[in-house]
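Below are two complexes that have subunit A in common, paired first with subunit B and then with subunit C.
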Partner chain A sequence: MSMQAEPLTRRGKKGTGAGPENKEVGQDRKQKTQGRAAALLIIPSMIVLGIVIVYPVIEAIVMSLQKDAGLDPVTGTFVAGGFAGFYNYIHWILQQCNTPNGQASCPAGTLGSQFWSATGTTFLLTVVSVALETVIGFWMAIIMSRTFRGRGALRAAVLVPWAIPTAVTAKLWFFIFAFDGIANTLFHTSILWTGSEVPARSAIIIADVWKTTPFMALLILAGLQMIPDQVYEAAKVDGATAWQRFRLITLPLVKPALMVAILFRTLDALRMYDLPAIMTGGANGTTTLSILVVNQIRVGFNSAAALSTITFLIIFIVAFIFVRFLGANAVESATNSGKAK
Partner chain B sequence: MRHSRKFASLAAASVLAMTLAACSGGGSSGGSSSGGLSGDAGANLDGRGPITYVQGKDNSNVVRPLVDKWNAAHPTEKVTFKEQSDKADQQHDDLVQNFQAKNANYDVVDVDVVWTAEFAAKGWLQPLKDKMAFDTTGFLPATVATATYKNTLYAAPQTSDGGLLYYRKDLVPTPPKTWDEMMSMCSIAKAKGIDCYAGQFAQYEGLTVNAAEAINTAGGVIVDKDGKPAVNTPEAKAGLSNLVNAFKDGNIPKQAITYQEEQGRQSFESGKLLFLRNWPYVYNLAKTDGSSVVKDTFGIAPLPGKTGPGASSLGGHNIAMSVYSKHKATAMDFMKFMTSQETEKFYATQGSLAPVLSALYTDKDLVAKLPYLPVLLTSIQNAVPRPVSPFYPAVTQAVQVNAYAALKGDKSVDQALTDMQAALTAAGSQ
Partner chain C sequence: MSATTLDPAAAKSVARRRERWSSSRTYISAAIILIWCLLPFYWMIVTAFRDVGYTFDPTPWFTHVTWDNFTTVFSESLGNHFAQNLLNSLIVATVTTAVALLFGVFAAYALARLEFRFKFLVLGFVLGASMFPGVAIVTPLFQLFTNIGWFGTYQALIIPNISFVLPLTVYTLTSFFREMPWELEEAARIDGCTQGEAFRKVIMPLAAPAVFTTAILAFIGAWNEFLIASQLSSEATKTVTVAIAYFAGSQPHQEPYTAVMAAGTVVTIPLVILVLVFQRKIVAGLTAGAVK
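Right, the complex of A and B next:
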């Protein structure tokens, strides 16, 4: 890239070096060459983005319009399914399956019957865990932003759960919530944590909150530190109570950072896979959309492509709502913070 | 200079080798009569040369010594061992990706018994018939059934595994022969204040194994001989009801709904369980674990059945040849080598992997080392493979989800079996 850029810069210099009578022409040429240079410099990253983002998305959509390979009843071998139109999408959204008697609603125990319950589970887990993480994370951030001895040690300690790989976290909580595990021993209970719906979901939420609250706290802490101390001092002089200072100063000023933190966590939680997959295997109402996609991949790629496209759209809509209506804008708040510095 | 000359000669040699390989490959595919085998399955039947063997992580270091032994004896047909991850799902997905890419370097592969039908139906495994016939004399019939799809053998059984009943011989002098007998012994457990029976009942593959055993033992089937779902029968109902009723009576403790293999083993080893259905791996652990309080007081027996031994599900792995292999004659020799009596014995002593050859179960040296072998033989002789279906992941989902709902009492047994039948049918007509 640097080899390409060099001759262009030299040419640019020549342009500026032209006589005053040629100034306008030179500037024009300069703009043109600069534009061309910019385009040349952007092209490589565009190509990379095209390969890693655009191509897979298009490929997934193309695949999702194909039927999965079916079994030839005579030879017992698979034959390609051919074009399916929107069959795969209808299959998931209306939960319709192929049966010997034609289309019918998918029987219990098929993946097709689990789409809406998986969607509901995904949203429930997301809303509850992100809400808890926001509240606890805010509290942790406020503590961490104070000046006291050992603040560095506390900040490092808080980050530990986040630094542990999710799969390891999940396995740890799997053992904690086993029937003979720490949770039941500690509280002298005999709850079957992974044996029914409410405890199983609670267990996953507890594990998720434990793991990702530090991330939330860190993002909020960054926002808190942007608020100048003078504002608080002025409010104190004016006789504002602690609650008033929090409600009227901290909250509005930290809002951009907070919204970005919530946006990130929500998008992250919507694709939750490892925790439920390892802790419950998706049993007892803990099958999320990602688990459903992975289970479907083992049975048929094309139908799985349709399901991932649906999941992609759901997450896209959620992100859109956040940015458009709730004012979470990762790019804008980053530029603002740059200006503030 | 020296280096570059060396490099040049190396390059020349490798080019020569490649040309030779191409020649031999082309020659065999063009010349030989395929004898009933067509397409990729009919190509390269006489091909000889280096091959690759693909298997999951070799935890007990049994494959490498075997490959070394083979390579010492076959310098021109060397085997490279490609080790996959130790996670079954990842091994499966790795094989799928390489088969889809028609990778000629995955010559001989190790497949879980439940994947064999899927890979065969996708046309990825070399049918072992006609010119490529594989002699299965001396193999346990149930293990051969796991490698057979639509009456054609697609793989050779390599290792096996069957369920055993672990029991406390200090409390129950003679192990129960039938399920009803075992249930009647639960009063002994109650008097001692311990749990009576447990298997694997969490919603995962282990539940498919346990539900299939219950259904098969009672004379039912999940899919019939032609691969058609046939689970909605009085026999299957009786089988599943046995488990459901045991849960209701408390003969199976309520926490067993969260049990996988390990939780049941821990409960049994800490003396809190009278009967446990588990795999042979528990035997050595229960004998040697520091935390095991049942070291000298447990025994093993075949699974209890209706009148005699119960029908175990089968674990284990098969060895198969890719249709895309360029050196199928070598691959065939290697498969025979890997399933020979000598290799099987090495597997059993070195890796505690159950053999597939019936003769080895009565071998004196082996039985001295692995005392559970005679009981395991009874188990495998009465075993019924899990459904041999190209849609196995969907099949096991259908069984797990509905059996789990029945065990928890969310669904009646009738409803669970009706739904299971419908879900199995839908799985097969995608």
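Right, the complex of A and C next:
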């Protein structure tokens, strides 16, 4: 009965009956009161986020347009700063420094000379880590989705690396990769893991993969569980091989969840700080953009603010590319599920 | 296909053998995952209980067991204030979680239950905020807190922490609230409950697990935070993650590996217990919203 009654009242939109029309007015009013209630409930959170995020970001942009106070390299006198336009941005992007001889390339070893290498390091670490995490995470998710005794224990175990603070993870892997540590002992190698570029980066990537693959695996697992068993059974009956089932059913159906997982992990990896800061201190080609910003804070707030704004923009652009061109839309999926209910 | 050419008994045995092979392959893979996830953690605990003189002893089980490392961790005379650090982390994480929940519950209720304009925009802003790089706010806050004399106070750590814990709270709670059977509220009203009674007797018990799970995720997030704490804390407000990163051991000029592993064990064991006890809920909370 009620199943039929609903479409009737909806169709009554254009009807002349008094009943449906009243209902329409009622719904309109409901929408309005709901809007007001929603505003009351949401505005406090928005104000808090405004204070803790929007204000600092605007403040950072304002700061980034100011000159850092310090000694003028030409005259040797103290300069109080003042408006600098885009000087700080140009300083980072063109790696130009103020020297006694005017504008010149920043000398090697100074923070100013490291912007592009830090950007490269950040992207390299991000791409390699996220790629490994996606592949291993997918494999873990497939295993965890099977039914077998001890599945609950396995799902609990993968949460252990996720729960450990990154600072502790960094120290743990620093110990594992120590010169006399278990990694060298186990593989009969004598590598100075944090002593040169490739081993140092590898160590950081391994630690990152260990810590964050479980998160990836659980997101993918949740996606896998949305696929009904019947689809696989039907494909099996039609003679699809295991590889065909994976490529033609699993991959396309799990893609939305997978893309959201990759988006989250990518944005998270682009701001990587804890692991390299603790494991190598940024030495040997492991200075990420976040580390460069933190190092710069001690030297000059304003050019640090410019660099942090650039970092923010880079992450924003990557997020935009993901959402716009790769179809990783977390917001869309969240709002759609609300409508479907 | 093959079943038609073989007699039923043989076909059954082939199928059973194939099943056994695939299930043993599952068990081998599961064992590899288990070892990969737990072995480094196990190694941390073994080292935490090992005598400093045997730091690099590769024996895989507990040998030269001692509590000394834990004594070092809490030794004030060595300049470690680990008890204070633990208390600081507890204060910062608890207050951050409480504030985030206080505001987040209402926002999430509205996002999950009410229809209004700009919903998409609000959700997008919340999600964007949770992916925000910490360094982008640390620089201006460092200067601001130094200027107004907040440097080295608890609020100087709590306020920036809210910037990533509140969005996480709103997002997770919104997904949870969407899944809840809100029709029950109306049913309770029809059965004669007042609005207050319906909220207390029906909605509260239903929402409590969601709020609790979100609280765990928020707490773990705040407890594990390092970047903000490393820049904005003083000696007095230093949190455990920062303390562990810059630890002083019993021998100068020597990386105090065993003591650091002991400190790591102290910090991690409560989290691991929490995670194992509430495993199902935490997995639900982590994946909520990202998938459904």
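We take it that the second predicted complex is superposed on the first by the 281 of 341 C-alpha atoms of A that agree within 3 Å, B and C clash if a C-alpha of one lies under 4 Å from a C-alpha of the other, contacts with A are read in each partner's own complex, and residues count from 1 in each chain.
Basically, contacts are C-beta pairs under 8 Å (C-beta built on N, C-alpha and C of every residue); 3 or more make two chains touch, one makes a residue touch a chain.
Since the model is a prediction, treat every value here as computed from it, not as a measurement.
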{"item": "Fit-or-clash call for subunit B and subunit C when the two complexes are aligned on subunit A", "value": "clash"}
{"item": "Partner chain(s) touched by A:V127 [first = subunit B, second = subunit C, both, neither]", "value": "neither"}
{"item": "Partner touching more residues of subunit A, whether subunit B or subunit C", "value": "C"}
{"item": "Touching partner for A:F148 - first (subunit B), second (subunit C), both, neither", "value": "second"}
{"item": "Touching partner for A:L251 - first (subunit B), second (subunit C), both, neither", "value": "neither"}
{"item": "Partner chain in contact with A:A38 - subunit B first, subunit C second, else both or neither", "value": "second"}
{"item": "Touching partner for A:D180 - first (subunit B), second (subunit C), both, neither", "value": "both"}
{"item": "Residue range of subunit B overlapping subunit C upon superposition on chain A, of 24-32, 96-104, 168-176 or 348-356", "value": "96-104"}
{"item": "Residues of subunit A contacting subunit B in one complex and subunit C in the other", "value": "178, 180, 297"}
{"item": "List of subunit A residues in touch with subunit B within their complex", "value": "68-71, 75-78, 97-100, 106-113, 178-180, 190, 192-196, 280-284, 295, 297-300"}
{"item": "Subunit A-facing residues of subunit C, complex", "value": "1, 23, 26-27, 29-30, 33-34, 36-38, 40-41, 43-44, 47, 55-56, 58, 99, 103-104, 106-107, 109-112, 114-117, 119-120, 122-129, 131-144, 159-160, 162-163, 166-167, 170-171, 174-175, 178, 220, 223-224, 226-227, 230-231, 240-242, 244-245, 255, 257, 260-261, 264, 267-268, 271-272, 274-276, 279, 282-283, 286-287, 289-292"}
{"item": "Complex contacts: residues of subunit B adjacent to subunit A", "value": "89, 92-93, 120-123, 149-150, 202-204, 227, 254-255, 257-258, 263, 266-267, 390-391, 393-394, 397-402, 404-405, 408, 419-420, 422-423, 425-430"}
{"item": "Of all residues in subunit A, those that touch subunit C in their complex", "value": "31, 34-35, 37-39, 41-42, 44-46, 48-49, 51-53, 56-57, 59-60, 63, 139-140, 143-144, 146, 148, 150-168, 170-173, 175-176, 178, 180-182, 185-186, 210, 214-215, 218-219, 221-223, 226, 239, 256-257, 260-261, 264, 267-268, 270-271, 273-274, 277-278, 289-290, 293-294, 297, 301, 304-305, 308-309, 311-312, 315, 319, 330-331, 333-335, 337-338, 341"}
